[in-house]
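For reference, the structures are reproduced in the following blocks.
Each of the next two complexes has subunit A plus one other chain: subunit B in the first, subunit C in the second.
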Partner chain A sequence: MIRLVARDLMLAVRAGGGFGLGVAFFLIVVTLVPFAMGPDTTRLSVIAPGVLWLGALLACLLSLDRMFALDFEDGTLDLLATAPIPLEGVVAAKALAHWLTTGLPLTLVAPMLAVLLNLPAQGFTWLVVSLALGTPALSMIGAFGAALTVGLKRGGLLLSLLVLPLYVPTLIFGAEVARRGAEGMMVSTPLALLAGVSGSVLALLPFAAAGALRVNLR
Partner chain B sequence: MTRLRVRDLACARGGVPVLSDVAFTLGQGRALILRGPNGSGKTTLLRTLAGLQPALRGTIDPGPEAVAYAGHADGLKGGLSVAANLTFWAGIFGTRDIAPALEAFDLTDLRERAAQNLSAGQKRRLGLARMVLTQRPVWIFDEPTVSLDTASVGLFARAVESHLAQGGAAIVATHIDLGLTADVLDIAQFRARAMDDPFATGVA
Partner chain C sequence: MSLWEYANPARFMVLSARIVPVSGGLAALCLVVGLVWGFFLTPDDYRQGSTVKIIYLHVPAAMLAINAWVMMLVASLIWLIRRHHVSALAARAAGPVGIVMTLIALVTGAFWGQPMWGTWWAWDPRLTSFLILFLFYLGYIALWAAIEDPDTAADLTSILCLVGSVFAVLSRYAVNFWNQGLHQGASLSLDKEKNVADVFYFPLLVCIAGFVLLFVTLVLVRTQTEIRARRLHALNLRARMG
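On to the complex of A and B.
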């Protein structure tokens, strides 16, 4: 499994697109918001947590359809399914590789982009914490959606529609943690709920995604 | 010693039963050549044996964990070198040394070449070299000789022979003569009755 993650990371670096695309999209969304909303810094600082979370979520969505599709097309997925590692492990490794190439960079650049939106200083920590806790769930839910649509040509549209409702709880609690953090309020309740959503997603969805892959490989 | 025993197997493709009552045993050191016209269900049978799709009924003993499968696609990553592709699969299958696989398919000189720069035949050889790394007793090949020249077919036959000599077994679906000492199984005799249905024609 570690080899699978390492190979996916190497492919992402070689291909170039994997790492940069999500972060570039995030950058574009966040830099354009002040132009669209006007330069009123108090208004910007109010919407900053929500905009940052929404931007990160959409950036995560961008590279999902490639997660299994490339391996499906060149036959690697068939070979992995007959290999000694369980398909659940393959899914978890793929989701981890996706998180390392999108979720982690998004979490790391978020504080820098938060400056552009005038996020209050006390909110930076909670923004990073909420993204670090929430983005793994986004990658795992995305892996489930990608596994469901892997056999479809141009399944990207269906994938987005399938995944978006599943993203809602993570978005609500993640953005709530960031908002409360920015306003200096208690964050423990939404933080616990966000961790609960992420924990259950990471525990359950590898099995669902592996089941979907098995059906699609038939 | 029996390497693979198949009894009363029925398999379907896309929900349509293609084969029924398939039965054969494959002993240690034996190879089995599958023959049959296009659409007779060779790929379906091989994918069922490899565990990629469930059987409608029947038993396969032992299960997919004894089987290494090489299908139509080679599963190569163009951006990685020949050695990196093999090292990845060696890691997945828990093998240390990729040198025997490189030697068996004459890839040693190409080991640093990116897979996307290989010719079609070289890619095929690289895909087949993976089988050497699997350390599984039963090798299953689906049309392994596509885009291979005569010399490479010879390499492939020798690799299979050395696997058989080590006590393995192999099932090969092919239309050409590999020069292997092997039993031939014509799977047209196992055709399921639903194949008479006009909508079921053209199933690969």
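On to the complex of A and C.
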């Protein structure tokens, strides 16, 4: 499984496009927000946590359709399905690789982009914490969506339609942590709920995603 | 004699052909009686005026919007566990009916909210979770439409329905946490005293019965259509082979 993660990381770095694309997209979204909302810094600082969360979520969505598609086309996925590791493990490894190439970089650049949106100083820690806790869940839910649509020729748009409603709880709790953090309020309740959502998603969805993959490989 | 005998499509067709005229007729009767009684023969509410009468469409539609999803969940489970094709097709048939019910509940709610709350839409937990439910229905129907192989489609949509149910419930409570409500409590509940006065209550019950019967009829008819379409497809294939 570690080999698989390493292989996916290597492919993402060497094939180009996948690795930096999410971060670039995130940067562009954040740059566009002041154009749409006006350059008023007090208003920007109010919406900053929500915009950063939404931008990260959309950037996560961007690279999902390639998570299994390439391996499905060239038959690698068939080999992985017959390999001695369970398919659930393959899914988890794929989701981890996706998180390492998108979720983690997004979390790391979020504070820099937060400066652009004038996020209050006390909000930085909680923004990073909430993204670090929430983005793994986004990757895992995305892996489930990608597993459902892997057999389809044009699954990209359908994938967004399936995955975005599933992102609702994660987004609500994650953005709430970031917002409360920025306003200097207690964050423990939404933080615990966010951790609960992430934990249960990571524990349970590999099984659903592996089930969907098995159907698609039949 | 058990319920599972009707997993046989031929038996199902015979039985549903017998049920549909009865349930359809009763649905029409209940809806006509309930709506006429509700719209024309009940007094206006002392605060809400005549807008209270939208309850006869709003509450039954909202109930069925949720229960249609529950029915899809049960049918999906039966398909995944016992592989009865009729069950998968019934789940498929219920999807569009459920989404229309969701839409009716949302639209009638907006019509009621405009004069009463002074707004067409508020980001209230109930309203928001219905909008999310609408999105779940959209995804479910779109996935059915996108996959060509019927068994693969049935499997994948069933998995989506299972996972979606968990997330729908989760979203319901997440949304509760996220914003305080404007919407009143449940109109009907089994464990509490009645929340609706008798004059409105009895026509409402008739309307709910009418909506449930309408739902049963529509799902049965749509399932029959799916079965016939599947047979037609099989006959076409056979003709091409021979």
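Simple rule for what comes next: the second predicted complex is superposed on the first by the 218 of 218 C-alpha atoms of A that agree within 3 Å, B and C clash if a C-alpha of one lies under 4 Å from a C-alpha of the other, contacts with A are read in each partner's own complex, and residues count from 1 in each chain.
What we mean here is this: a residue touches a chain if its C-beta (ideal position, glycine included) is under 8 Å from a C-beta of that chain, and two chains touch if they have at least 3 such contacts.
All of these numbers come straight from a predicted model, not from anything done at the bench.
Q: Looking at the overlay, what does A:R218 touch: subunit B (first), subunit C (second), both, or neither?
A: A:R218: touches subunit B and subunit C.
Q: Could you tell me which stretches of subunit A are touched by subunit B in one complex and by subunit C in the other?
A: 218
Q: Quick one: which bits of subunit A touch subunit B in the complex? Just the residue numbers, please.
A: Residues 3-4, 7, 10-11, 14-15, 71, 73-76, 78-85, 217-218.
Q: Can you tell me which positions in subunit B touch subunit A when the two form their complex?
A: 50-54, 64-65, 67-69, 71-77, 79-80, 84, 88-89, 91-94, 130
Q: Quick one: in the complex, what on subunit C touches subunit A?
A: Contacts found on subunit C: 132, 135-136, 138-139, 142-143, 146-147, 152, 155-156, 159-160, 162-164, 167, 170-171, 174-175, 177-178.
Q: So in the complex, the part of subunit A that touches subunit C is made up of which residues?
A: Touching subunit C: residues 144, 148-149, 151-152, 155, 158, 161-162, 164-166, 168-169, 172-173, 176, 190, 193, 197, 205, 208, 211-212, 215-216, 218 of subunit A.
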